[in-house]
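Okay, handing you the structure first.
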Amino acid sequence: MALDKNHIAKRIAQELQSGYYVNLGIGIPTLVANYVPPGLEIEFQSENGILGMGPFPVEGQEDPDLINAGKQTITALPGASFFDSSTSFGMIRGQHVDLTVLGAMEVSERGDIANWKIPGKLVKGMGGAMDLVASAKNIIVAMMQVNRSGESKLVSHCSLPLTGVACVKRIVTELAVFDIVKEGFLLVERAPGETIETIQNATAGTLIVPDQIPEMRFSL
Amino acid sequence: MALDKNHIAKRIAQELQSGYYVNLGIGIPTLVANYVPPGLEIEFQSENGILGMGPFPVEGQEDPDLINAGKQTITALPGASFFDSSTSFGMIRGQHVDLTVLGAMEVSERGDIANWKIPGKLVKGMGGAMDLVASAKNIIVAMMQVNRSGESKLVSHCSLPLTGVACVKRIVTELAVFDIVKEGFLLVERAPGETIETIQNATAGTLIVPDQIPEMRFSL
Amino acid sequence: MITKTVADVADALHGIQNGMTVMVGGFGLSGIPENAIAELVRLEVKNLTCISNNAGVDDFGLGLLLQKKQIHTMIASYVGENTLFEQQMISGELEVILTPQGTLAEKCRAAQMGIPAFYTPAGYGTEVAEGKETREFDGKQFVLETAYKADFALVKAWKGDEAGNLIFRGTARNFNPLMCGAATITVAEVEELLPAGALNPNEIHVPGIFVNRIFKGIRFEKRIEQRTVQPK
Amino acid sequence: MITKTVADVADALHGIQNGMTVMVGGFGLSGIPENAIAELVRLEVKNLTCISNNAGVDDFGLGLLLQKKQIHTMIASYVGENTLFEQQMISGELEVILTPQGTLAEKCRAAQMGIPAFYTPAGYGTEVAEGKETREFDGKQFVLETAYKADFALVKAWKGDEAGNLIFRGTARNFNPLMCGAATITVAEVEELLPAGALNPNEIHVPGIFVNRIFKGIRFEKRIEQRTVQPK
């Protein structure tokens, strides 16, 4: 059974700990908010200037002065605060945000990440990604393991322009969970039913395969 | 007739222009607020975090949460705002404050100022003076021209530790008004009845005496 | 009190000229100075350098200036969602300088606060750091970034008073407070313009000293870029 | 929501130890964390490095710590009005590092915001700049200043909520917001502690992410240092 984006989000939600301030990037990371384990005290930060971000508003309650970094209409939960962009990135740069989850085009075996620019194609800009990856204590990448051309996104060295260097700590894909260690990508968990061979074939960089590799579990 | 501190303040008040944000130091500078020409739009900033500072409160209305940089109880005028110390010094450093008036122990003929430390004596600290003199576009020194030992405070080179270099624009004393120019202290006005000789004797640094030296006028 | 009120947007933008550098507040379409942007279009000032987090959409926000080819250089962190922008960038009509969002915010604040330069970790080891000084502090690498200054800063607030004090609403705050005072002339348009004393001095986000001209905007469409809702 | 409430000042200062660096908010006696200071006296922690704009007066504020000789190093901009301080400084018991006030504020903010260093004009050409890098930007000279970090930051706010959000009152704000998050553990004491949702998110001066522990202070004397009035 191949995992989908929601499974990746579910697995990442297991990384959440009570007391975490979390910044979720656009795409798969956004889905993590749907799977916060009950009872955990978590606050979501959106870098355009809100802490304590809530779900989308009920229809008719949309407020143009209340959006997230993906420019989507949102709500504010009790205990929320609004602030300017400098304060917002101060939270990020000052490592007050505990966890950043974002997507990537490539991650290298030393934890470099590329996710903002494909030379020769349209460049939309890095937004807040460079600040986030240069600052966060704990960065998890959420992505599909191969790109649309079938090439692995877990590489020895990034070929695309970098967003940040040696910053990614963990990667969760539809095939496995990897930690960045000194030697490369350490295989930590595999998706239910996936073989080491499948995972190896989808990993272009150095893969470290320990003796025991538990399957991901989805208690939710 | 020797001028007193209030005359010095009155003369400095003539430097105020409509639209000026003004920071007044402790001592003679504080008195300037008493002589603002009517009709001028002026706001006083106090570096501990208020813009639009008003006079002392009426007895019984003192508020411990509303003080100026001299730790005196004050009031806030309509249009006032409160802010943190970083924002406050941002106003100063960013040259949004138009005029700074402060006292000095020594001013040199190139505009250096010393007003925070006497070696061997107790050092109380520079407070905000170093930020103010390094940042302000327009710095006027208000002081008596000689110290208690009878020595001139207008010197060739400061002997005391500096607060800032080449920053003072104008000096107003009980004897005269001086501008700092390339050649030294340019005598701009003299106090009513004071002779060039008296002023020269009270000036240790290079004094430039033009042909015409009008008397200070006190229209208020 | 120092009065900052001007009659209208025309007075507020008096002195703006071709070739100037203009900071424009807002994130996406939220908190953008709609009235000032419309006036820039009307005035047909050209060859502008715009500093703004985004470049609007095709028919709103800074997109309106792109339609008229009034922007020569765009300094932003993210410029997606705009096909006009793409075309002008690809054709070379438009120069684009991409800056990490937090760095952009801090560079505006630095200008506002009289700080000429600061170190940030953002962009270290990437092309953003090329040609810039880097330095290690406490074992980590940082990039030296300098302040952004502009001729005009155009911001949008919720409430303001005659003294130029501003209060923002929700996430429409974003870059607006940081651009106030980062330019020679800061122009604030507000939804509600009140007499001095009407705002609580404790609740003011931007003290009036950072604002040169303030006016009540005539029209605020406040367009929503991504309307996301839950069913009732 | 992440709860920051602790029961009392004892819980709030849990983990404080001899030799630590402690930031203390306030300007003069206005906005000082009276309850936390009293607890430091009670705990008899010694050999502290205190970062605070002032050092209190003989019998109030940080003066209470000076009475017990709990402070080894004082980092401040102005330390007048305190004879105990003078004696200990002259006798060499107390080390004093004087920092320009604006630089002190910005060094705290830099730590809070993850900026390791910045340039400021304050102190250029004076003994404050000795041993520091200086650099010219746009024809003016600046001094490189690095962030101040601390083990504990003790601040005082007017209102706060369970999520750690803070609102200050009047000029009692001063250094307090800048010290939040500039230390490993930030402790806020408030006059009013409210449930989450009670504060308007638009009016919050310090978001709770910068605060680790919050409690309602039991006693606020709020002493006035210079009572200046006009006759009725």
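Lettered A, B, C and D in written order, each chain numbered from 1.
Basically, a residue touches a chain if its C-beta (ideal position, glycine included) is under 8 Å from a C-beta of that chain, and two chains touch if they have at least 3 such contacts.
None of these values were measured; they are calculated from a predicted model.
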Those chains which touch chain C and also touch chain B: D
Looking at Cα centroids only, farthest away from chain D lies chain A
Could you compare the number of C-beta pairs in contact for A-D with that for B-D and name the larger? B-D
If you average the CA atoms of chain A and of chain B, how many Å lie between those two points? 56
Centre-to-centre distance between chain D and chain C (centres being mean Cα positions), rounded to whole Å: 32
Can you work out the whole-Å distance between the CA centroids of chain A and chain D? 36
Centroid of chain B to centroid of chain D, CA atoms only: how many Å? 29
Residue numbers in chain A touching 2 or more other chains? 50, 76, 82-83, 86, 89, 92-93, 135
At which residue positions does chain D touch at least two other chains? 106, 113-115, 120-121, 168-170, 202
Determine the shape of the graph in which chains are vertices and touching pairs are edges (line, ring, star, complete, other). other
All pairs of touching chains, please: list them by chain label. A-C, A-D, B-C, B-D, C-D
So in the complex, which bits of chain D are touching chain B? 27-31, 53, 76-81, 86, 89-90, 96, 98, 100-106, 108-109, 120-128, 158, 168-178, 205, 222-232
Applying the document's contact rule, which stretches of chain B touch chain D when the two form their complex? 46-50, 55-74, 76, 82-86, 88-89, 92-93, 112, 122-131, 134-135, 161-165
Listed in rising order, chain D residues that touch chain A in their complex are 1-3, 111-115, 161-163, 165, 181, 195-197, 201-202, 204, 207-210
Would you tell me which residues of chain C are touching chain D in their complex? 106, 110, 113-121, 135, 137-138, 140, 142, 146, 167-170, 201-203
Chain B contacts chain C in the complex at 18-21, 41-43, 45, 50-52, 76-83, 86-87, 89-97, 135
